[in-house]
C-alpha cells in the first residue's frame, strides 16, 4: 500500500476513495453541496497552482477566466442557442485565447508588476460582465440552463457532487502528470532561476504562456461547472475578491502542492460554513485564522504537514 | 513522487472529514416544539445597510412573537445566515436551510442577486420564500413558492414619473449606480418612461463605491433642457450624488432619489444638500406625519418606535420589509393553523388587506407582491426631515 | 576550426563602458581563459556572449554564423552553454532533475503529450534520466542524484551546474569561476573535468581567479583590464607580461613580484 | 472650459486620496518588501475612529488625533504580531497575511463600530468655492493640501534626518543596512507605523467628502496599489504621481468618454504603461546581475 502511494496514481487512488466514501458520512444533501463547492474551487486552485506554484508567476486576476467560463455556459445556451457542453468548450477556448493574447505582453512583467497587470485584466473582465447587461444580466447576474446530456438533466446536489468529484480527479491527474515531463521541469526551472532556465535553452516566455493558458483553462472549466451546478451566474465570480480567494487557497494549501490546493480550497470553503456559529465574529475569526496559519505554516498546510510527518518518522 | 504523499492524502482526508462531521452537531433538535423559519441576509458586505436592519428586525420580532406564545402553538426558531452579499454563498446557505436545518419557511434575501440565486432551491424544495429584494423579476413571472414584500423598482419609476407628469416635466437626466439595485431600476425606468411621455436625454452611471460624482453631474449640467434628474441607486452613492449636486449649484433642477435611500441616514449623510430632494417611499418614513385616519399609521409608528429603541439607529424601510415578510408568514401560519410548508404557502397567497410598513398587501395567484402604487408615498426632504408631499404637487 | 568568434564587442551601462573593443576566437577543443582583476568585465563579457545582455557594438559568431544579440535560449539551441559565478541552480529540484532540465533541448517537448503523460513521454523520461545520470557520474555526483539541490554543498553545486551545462551537449561551454570556493582537492577534480570536456572537442571558455589552474590547463589566455583587452597569448606569454602583473597587483606589487 | 476645471479638481481630489494610500504602500514596501493589502483599512480606521470619538463629544481635532494614534498602534501591532513572526516567508505568503489582516480589521470594525455609513463635518464648511468656473468643495483644498504636506514631511524625514536615511538604506539593501548597524527591525516597525499614520490622516481628510463605513478599505487598497504600481513601486514621488494620474484618468474618463467604463480607462492605462515601461513610470530600472 505504502509503496503504491509513492506513485502519482497512489494520490489519485486516495483522492478517489475520499470522494467515494465521504458521502457515507453526509447527513444531508447540503453536505453534497458544500463538498461540490470544494471540488470546483479545488479544481480552479490546482490550475492556478500550476502557474503560481510550479512556474512561479502570480495572477491576481484569475477569477476573470473563471467568470468567462461561467458566463459562457450562461450566454451560450440562452442567447446563442449553443448546447451547454459546446458552450463550456467555447468558454475554455475563449479563455485560452485571451490568456494567450494577454499573457504575451503581461508575462514579461515581474513580481508585483505582474500582480497588478493580472489584477487589471481581471477587473476589466468583471467590469465588462457587469456592464454589458443585455448579454450578462448585469450586476444581478442571469440564470443558466441546466446541463442536458442525451436527454438526461444534471440536477441535484448529489449528481453534481459526482460530476465535480470526477472533474477534480481528472484535474488532479493532469496536474500530477506534468511533474515529471519536460514541460513540468521547464516550469519549475524558470521558477527557481529564470536566467539559468534561459541559458539551458528554455524559451521562458513560451513556457510562462503555457502555464498561464493551462491555469486559465482550469479556471474557465471550474467556472462553467459552478455555473451549471448553481443554475445561475453573477459578476462576483469574476471579481477581484474571488481572485484573491483563489490565490489564498493556493498559498494556504501550499504552493506547488497539488493536494495543497485541494486542502486550501476545502479550508476556505468550509471555514465560513463552520464559523456561522460565531455570528458577527465570523470575519474577525476568518482573518485571524488566515494570519495564524500563514505564520505557522508559511509554506502552506500540506508541505508543512508532510514535513512534520517526515520529521517524526526520521 | 516521494513517500510522504501518503501523509498528504491522510491529511486531506482528515481536513475534509473533520470539519464536515463537526457541522452535523447542529442538526435539528426539539423539532416538534418549534417551527423553524430560515433567513439568508446580506448582514455584511456592500449590501449590509439592507441586511443589518433586516437581521435586527427579524430577531426583535421573533422574540416578541415567541414571548406572546408563538405561532400555531409552537415557538419560532429563527436560523439566520449572513451571505455577505455573495450570491454563491447565499445559494449554499439556502441549501443548508432546506437540507440541514429543515426550515418550513424562509424570509430573507436582501438583494435581487442573492434572491435569484436562492429561488430555485426553494422552488424545488417547495418551501415558501418571502424575499426582501427590490427587483420585479423576483415575482414576475410568478413562481409558486416565491413572494416578496418591497415595492418593485418598476413601481418606483412609475411613481416618480407620475410626479414628473404632474409637474409637466418631460425631459430628464438619469444618473444610476452600477450595483444590482441601480442597474435594475435604471432598466425599469428606461422601459416605462415612454408611457409617461418622459424622455431621458442624458444618462450617466457611477460605481457602487465611487466617492465623487462631480464629473458625471457636470456632464448632465452641460446638457440643455434637463428638467429633472433621477438617481436610481442605494447605499452611500445617492448621498454623494446629492451633495455633489448641490456643490455644482444644480439645485434649481429637481432631483429625484429612489426608495433605495429610504432611511433617515440619507438625510444625515447628504446634509443640507438633501433639501428639496423628492423620492417615492413607504409610509414608514413619515409615520408620525400621517393623518390619524391612515390605516398604516399604527403599524408604522409601532415599528419605528420598537426598532429605534432596540437597534439604536434610525429606522429604514428595509427593516420594514423584513417586518412585513415575517408577519405575512406568521399570519399565514396562524390561518393555516399549521406549519406545513404547502399549507402555509397557500395561505400566504390568500393574504388580504394585511397592513404592513410597506403598504396594504393583498396577494393573489397572479400577484405575489400584493402592493400597488398607492403603497408608495411621494416624499420631499424639508427642514432636515421627510415630509409628505400633498397630492398634485 | 574556429567555433566562437567575438569581434570588437562593447557594452555600456548608463554611459559607462563596461566592455570596450574586446575580441577573441576559440577553436573546438581549446581551453580559452579570460583573466583580469575584479571589475575587469569578465562576467559582463560572459553575459554578453550568452545573450543575457545585449552588446551595444561588435559582433559574435557561433560556428561561422552571426549570433549577435540572440536570446540566451536561442544561443543554447545553437550549442552555447554556460555556468554562473554566483550559483544559479534550481534549488527546489533534485540534482538529477537539474541535469534533466539541461537535457531540455535534447528532448521532444509537447504540451499535450506532457499533460496526459503519453507513453512516449514516459519512455523519453527514462532516456533523459539515464543520460542525466551519466552526466552526474561525470562530475562525481551520481550518489547524490536524488538529493534536493538546495541541500548540496557549495562545491557540489558548482559541479552540478557544470553537469547541467554539459547535459545540453554544447559546442561551446562558458565556465564562470568553476573553482571558486573549492578546496585544492575539489579544484583538482574540476581541472581534470575541464580537460576531459575539452578533449571531447568542446570549446571551453573559462573565467577563473585560480591562476595555478588557469596557467596549467589553458591553451590561450586573454587578460582584461577595466573592460579592455590587455593582452592575449599563451600562458607563458601572459605570465611574462608586466602589464598583467601590474593590472593585478598595482605598480608596486608588480615590482615586488618581478623581484621575487 | 469650466467643465475641464471641474473634472480637474475632481480628479485631483480623488487622486490625492489614492496618492496617500499609494504612499503608505510605498513606505512599507521600501522598508520590508511587503505589499500591505491592509493599507486601505487604516484609511477606514482614520475615518471611523474620528467619527465615533467625535460623536462621543470629543472636539474634532482631538478626535482626529485619537484616530491617528489608534491607526499607528494597529499598524505597529500588524507588524509585531503578524509580519515580524513570519520573517523569511515568501512574498506571496506575506501578502496573504496582510489580506488576512485586512479581513480581521474589517471584521473587528463592524463589531466595534457598526455597518452604517458615516460622515464628518467639512473642516471649513460646505459652501463651494467658485474657481475658473468650477465649483470646489473647501474640503478638496484640505485633501490636496494635506497630501502635499504629508509628501513634504515624508520627503524631509527621508532626506534630512538620520532615521530617514536609515529607512532609505534599509530599502536599498537590508543586509548591508544591518551590517552598518541599522536596526532594520525597528525601521520596518517604523514604516508600518508611519504608513498607518498616513492612512489614518487620509481617512480623516477624505471622510467629509467621501463618507466612510467599515468596508471602505478594500477598494481604496486596490486603487492605491494600482497607483503605486503605475508610478513605480518603491518610489514615493512615483506613488504620488501615480495616485494623481489615476484620479485624473477616472475623472476625465468619466467626464469626456463614458462614466460606465471609467474604471476600465484607469486599468487600461496601467496595462499600457506597464507594457511600455515594465517598472512603472518612475520605477528604478534594475539590471539583472548574475
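All chains are identified by letter, namely A, B, C and D, in their written order; residue positions are counted from 1 within each chain.
By our rule, a residue touches a chain if its C-beta (ideal position, glycine included) is under 8 Å from a C-beta of that chain, and two chains touch if they have at least 3 such contacts.
All values reported here derive from a predicted model rather than from experimental measurement.
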Chain whose Cα centroid lies nearest the overall Cα centroid: A
Most distant chain from subunit D, judged by the mean position of its C-alpha atoms: C
Inter-centroid spacing, subunit D versus subunit C (mean Cα positions, whole Å): 47
Gap in Å, rounded to a whole number, between the CA centres of subunit B and subunit A: 34
For subunit A paired with subunit C, centre-to-centre distance based on mean C-alpha positions, whole Å: 41
Centre-of-Cα separation between subunit D and subunit B, whole angstrom: 34
Numbers and ranges of subunit C residues touching at least 2 other chains: 52, 84, 88
Contacts with 2+ other chains: residues of subunit B: 43-44, 178
Multi-chain contact residues (two or more partners), subunit A: 131, 195, 280, 282-283
For the subunit D and subunit A complex, residues of the former touching the latter: 35, 82, 85-86, 88-93, 96-97, 99-108, 110-111, 218, 222, 225-226, 229, 233, 260-261, 263-264, 267-268, 270-271, 274-275, 278-280, 288, 290
Touch list for subunit A against partner subunit C, complex: 174, 177-178, 180-186, 188-189, 191-193, 195-204, 210, 214, 256
Complex interface listing, subunit D residues touching subunit B: 3, 6-7, 9-11, 13-14, 17, 110, 114-119, 126, 128, 135, 137, 206, 209-211, 213, 215-216, 219, 250-252, 254-255, 259-260, 262-263
Contact footprint of subunit D on subunit A as seen in their complex: 52, 58, 105-106, 108-113, 115-117, 119-121, 123-124, 127-128, 131, 195, 240-241, 244, 247-248, 251-252, 255, 280-291, 294-295, 298-299
Contact set on subunit B toward subunit D in their complex: 43-46, 48-49, 52, 178, 204-207, 209, 211-212, 214-216, 218-219, 222, 235-236, 239-240, 243, 247-249, 265, 268-269, 271-273, 313
